[in-house]
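Structures incoming, each one as structure tokens.
Heads up, the next two complexes both have subunit A, just with different partners, subunit B and then subunit C.
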Partner chain A sequence: MPINCSSCETQRAVLRRPKTGHSVCKECFFRAFEEEIHHTIVSAQLFQPGEKVGIGASGGKDSTVLAHVLKVLNERYNYGLELILVSVDEGISGYRDDSLETVKRNQQQYELPLKIVSYQELYGWTMDQIVKQVGLKNNCTFCGVFRRQALDRGAMMLGVNKICTGHNADDIAETVLMNFLRGDIARLRRCTAITTGSEGAIPRCKPLKYAYEKEIVLYAYFKKLDYFSTECIYSPNAYRGHARAFLKDLEALRPSAIMDIIHSGENLSVKEDVKMPVQGTCTRCGYISSQGLCKACVLLEGLNRGLPKLGIGKHHKLHHKLLAQEPLSEAETRKLKSIDF
Partner chain B sequence: MVAPINLQLEFGGGAELLFDGVKKHHVTLPSQSDPWDIKHLLVWIKDNLLKERSELFIQGDTVRPGILVLVNDADWELMGELDYKLQDQDNIVFISTLHGG
Partner chain C sequence: MKCKEASAVLIIRVGDAFCRSCFKEYFVHKFRAMLGKNRVVFPGEKVLLAYSGGPSSNAMVQQVQEGLSRDAPKKLRFIPGILFIDEGAVCNQSWEDRERTMSEIENILKATSFPFHILSLEQLFTLPQTMLQMNLAEIPKRDGSYKQAVGSFLGQQKAQAEDGVSDAADRLTQIHIADNSSVECSQSAAFSRPAAEHTAALRDMFNSAKTLTAKQELLHLLRNHLILHVARTHGYSKVMSGESCTRLAVRLLSNISLGRGAFLPLDTGFSDNRYGDVVIVRPMRDYSLKEISFYNRLFNVPSVFIPALDTKASGNSSIQHLSESFITKLQADFPSTVSTVYRTSEKLHVSRTDTTQPKNQQDKCLLCMCTLDTHTGPASAFFATQKSQQLSEKKSLKNVPSAKDSEKQCCNGGQCCKESASCTNSVTGTQDIVHLLCYSCRVTIKDLNSMDKLPSYILKEAEHRTRRMEMRKEIEEFLLDDHSEDI
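== the complex of A and B ==
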């Protein structure tokens, strides 16, 4: 039974919008989806004219839609931005090949410049070399920490003013839930911010913050955008998976659940006397860190010294030694050397 | 009895990984006493196409939340969802939103 679009009332509706419950046709959906992102950008003042903006591009659905929409809006509304796609190559043979190929096609399809930064270039180690050193069991610590910083470090190399990532409403709602379940007040307070300066030296923003995953996927589908989907072979984060499944179950019952959770996160007020960790910067690389050395630098130090366990457990006491380039005692070395499988 | 019907099934967004990586399937549903609907189709897919990990595709008697369903390029939420009566030559698309972006 075809239903007509509730907006133009002439075309056949192709989807029910989870946000509003409206049934809309393709063209009205495209327009509404893009205009809402424009509204997010304008009302949060995400960009200034003349800025060089890096788009974190993985080849996946979110960053592909983000790149496409930013390109469209930059032209439609004369934002005056210089957009550049930034991709990270972890150096995992066979894993990134397809997604990097997708990003390279996106570069041509959207006529945007692309820079691929490699772990080799950023850290002096590829993920494959790291796995050889630390074994499969521990590599997740490395790829999580390195991945978090890679985009910032790559963007710094390129001299961009801002980084945009494809985090969508579902991602943010999930993060709110996770931080709530973990009792992580500091992150809970930060995670709904549309722009953060705290994750690194370069401000990051999330123009898709209020865009539902369902709409992102359908936008890509109806626009026939080219994206790549894969299971992250190295991070089957079970806890996050449960949070996601729980969120999807809630959404199935009531689609506004996603937006409700984001709003809850935004409106949480933290009592003045709740102790917040002090944010400092890494004395070696300048990245944000509550310790003298950031996690990535500790992990790198361990790799370079042949002590891969450094940074995996709690070894804060050793940081000052590393900073001072002091040798470790034999007992300390022994503790860090072996990796159990 | 209703006559057998031919359908094109499409899996995307990572859902194809549960079907040996094959995105498009042309299938024929056999003749049966009641008309085919999506609820029956899901059971048929589970028995005939899904080789493993069916819980990643089907939950209870419906698709796992986070998998989008399109009937002839329209959101199944507009088409009656599980109760939609399948027609010969229908194109049914399943897109996972749960895979990496």
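== the complex of A and C ==
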């Protein structure tokens, strides 16, 4: 028996919203989904008229839906934004080809400008070359750190005021859980912020912060949006994997759990006397960093010196030597050279 | 190995081997150190030990006995009493089974020679409405330091000794006797069976919860009300609760998932002052469950198995249960999980907003009695959720801004609120309770089929608070500052 849409009460409902449990028609779902993101943007004052906003586009579902919705809302509500798609090409043969194709198609469909920045261009190394040097076991350190910075560096080249990423509610809830389990209090405090980054770096924001992953898929499905599944091809970090599995179980028991966890994260209050790492900037590249040299620059230094282990462990003591371009001692070199596969 | 004499009987962590007597010393020291470090339990203060029958609370009772015994070098100086609440009705146990459990418990408690109270959860239906009100005036003022308090206690004791009252032990006996006359607390072998209608009402209430998660949460909230009530009516100003750090790690994760992030320090910290006049302390929070079971086994500390709501449930039947199996599994893979989670919680504190916010934003949740965490700005998960609700609902309801759940019976008659929002005799409507609740309790209440099943002290207090809020709204413009009375 067909059910009527709980919102308009006239159309036939075609889906049950994972977030609220309401049965709604296609049009009402689109409208609710878009309006919710509009509400997020307006209430958190994410943008100012006239800003140039970079959308981190990976060709995956989150960034595809983000690009689409931002384009729609920018026109519907006259945000007055100049939107531009920014994609990163890590230089992994075969891996990016399909997703970059997707991004290029999106660019045409949405009529948004696109800039693809390559690792080669940004760092002088492709991911394939890095894997050759450090082995498969450690490359996730590189791909995480490099990817995080690639978007900023690319955006800086383009003179963008803000970067939007497709992080959704599930990602945020998962990060809250993960940081809590790992005892990372500094990240725990920051991870629910809708906008991050201050001086030096380009502010990043997450307009899909309150959008459920399942609804993003539903939206893409019914809008017939073209996306490519781009999970990191290397194993994710163990804790994140556990946190993700736990979150899925929670959501099955109580769909609001995702929002409930974000609410928890937003209302955690950290004691003032807890030491927080001071946020400074990297003396070499200007990216935010708690150390004199940011993680990416340390990794690069290691690659360039043929000491790939440099960025993997904790080697803060060596930073002054790196900064001063001094050579390392023989013992230090020996420790950093070998890589276990 | 700590000492070189005896042979090791257990290893707590890698490299930490203990012989029997060193382990005892370590264990006993930890308890005193916890109380000594925090200095919130004052000498001569009446302390209620919330006893569940499980390993952890038995170890706690044992530590209190140990600490109060005369030969203890660093003697504890508070006056203990024990409370056991029988929840058998909720787990559908027969009265015979419940009676058997209670007499088992009674035998253990008798052996402690502390005064004790055994009562059934059905007592909830006899609690007064004032139960949920904050009696700030009655909070004993503790100016001066802990040191002074100890000093004055010792002085008092000396004076009493001169009067012929030898020491605190005698005072204990006196209290024990006095307590025997107490009406509602069972002390004799025959436990007064709760009224059948109360048992039925209790079962009804729990059956109206659609999820095990909500049932467990409700039980936790209501049990706390009863503990608080016993503490207040018997003059206990502290309650000791025996959660181990293993249990607290589970509760932390579970409470984050239940939306209680703002209250983690209260829900799991050493001391919890949400009630104002009665403070909850958790002296067992430094012990792992493993340590406790070792101790109990080595020193023959008794323990009673009592079926709980989730005893027969599968691993992922409720958020609380899921959190427990998750922490247990993770702990097996990463042995530092529990201690890491526990240390993370130490770095949190209760939001500072309390005192800087206008008075009406300092209101306490009707159920968990924490300061409401729903005064967030529009850029928040709380508002985003409401927005989603609104956007998915009937257009006809959208004009009434806060009529979210009003399709359910809102007035006694059930009809009048459908049309107008100005209904005045709405007593048990979801709406009237919901706005008095914190974020997490709202989520819990959403899983209940019916509000009327809640005990009347809650419903009456909800009605009372709603009326006071309406009054406040009406006279707002005449109030000179934010100094309105507590509601």
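Keep in mind that, in the parts below, the second predicted complex is superposed on the first by the 333 of 341 C-alpha atoms of A that agree within 3 Å, B and C clash if a C-alpha of one lies under 4 Å from a C-alpha of the other, contacts with A are read in each partner's own complex, and residues count from 1 in each chain.
Quick note on the criterion: a contact is a pair of C-beta atoms (placed from the backbone, for glycine too) under 8 Å apart; a residue touches a chain by one contact, two chains touch by 3 or more.
Computed from a predicted structure; not experimentally measured.
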Of subunit B and subunit C, the chain that contacts the larger number of subunit A residues: C
Which of subunit B and subunit C A:D249 touches, first, second, both or neither: both
Which superposed partner A:N74 touches (first subunit B, second subunit C, both, neither): neither
First, second, both or neither for A:V217, with subunit B first and subunit C second: first
Partner chain in contact with A:T102 - subunit B first, subunit C second, else both or neither: neither
Touched partner set for A:D62, first subunit B, second subunit C, both or neither: first
Touching partner for A:A13 - first (subunit B), second (subunit C), both, neither: first
Contacts on subunit A seen with subunit B and repeated with subunit C across the two complexes: 249, 252
Subunit B partner contacts - residues on subunit A that touch it in the complex: 1-3, 12-16, 23, 58, 60-64, 166, 168, 170, 213-214, 216-218, 221-222, 227, 229-232, 244-245, 248-249, 251-252
Touching residues (chain side subunit A, partner subunit C) in the complex: 6-9, 17, 19-20, 22, 24, 28, 31-32, 35-36, 39-40, 43-45, 176-177, 180-183, 185, 188, 194, 210, 238, 242, 246, 249-250, 252-254, 256-257, 259-271, 274
For the subunit B and subunit A complex, residues of the former touching the latter: 12-14, 17, 64-66, 68, 70, 73-75, 77-80, 93, 95-101
Of subunit C, residues touching subunit A in the complex: 211, 213, 252-253, 255-262, 264-265, 316-319, 322, 326, 330, 333, 337, 340-341, 343-344, 347-352, 373, 376-385, 387-389, 391-396, 439-440, 443
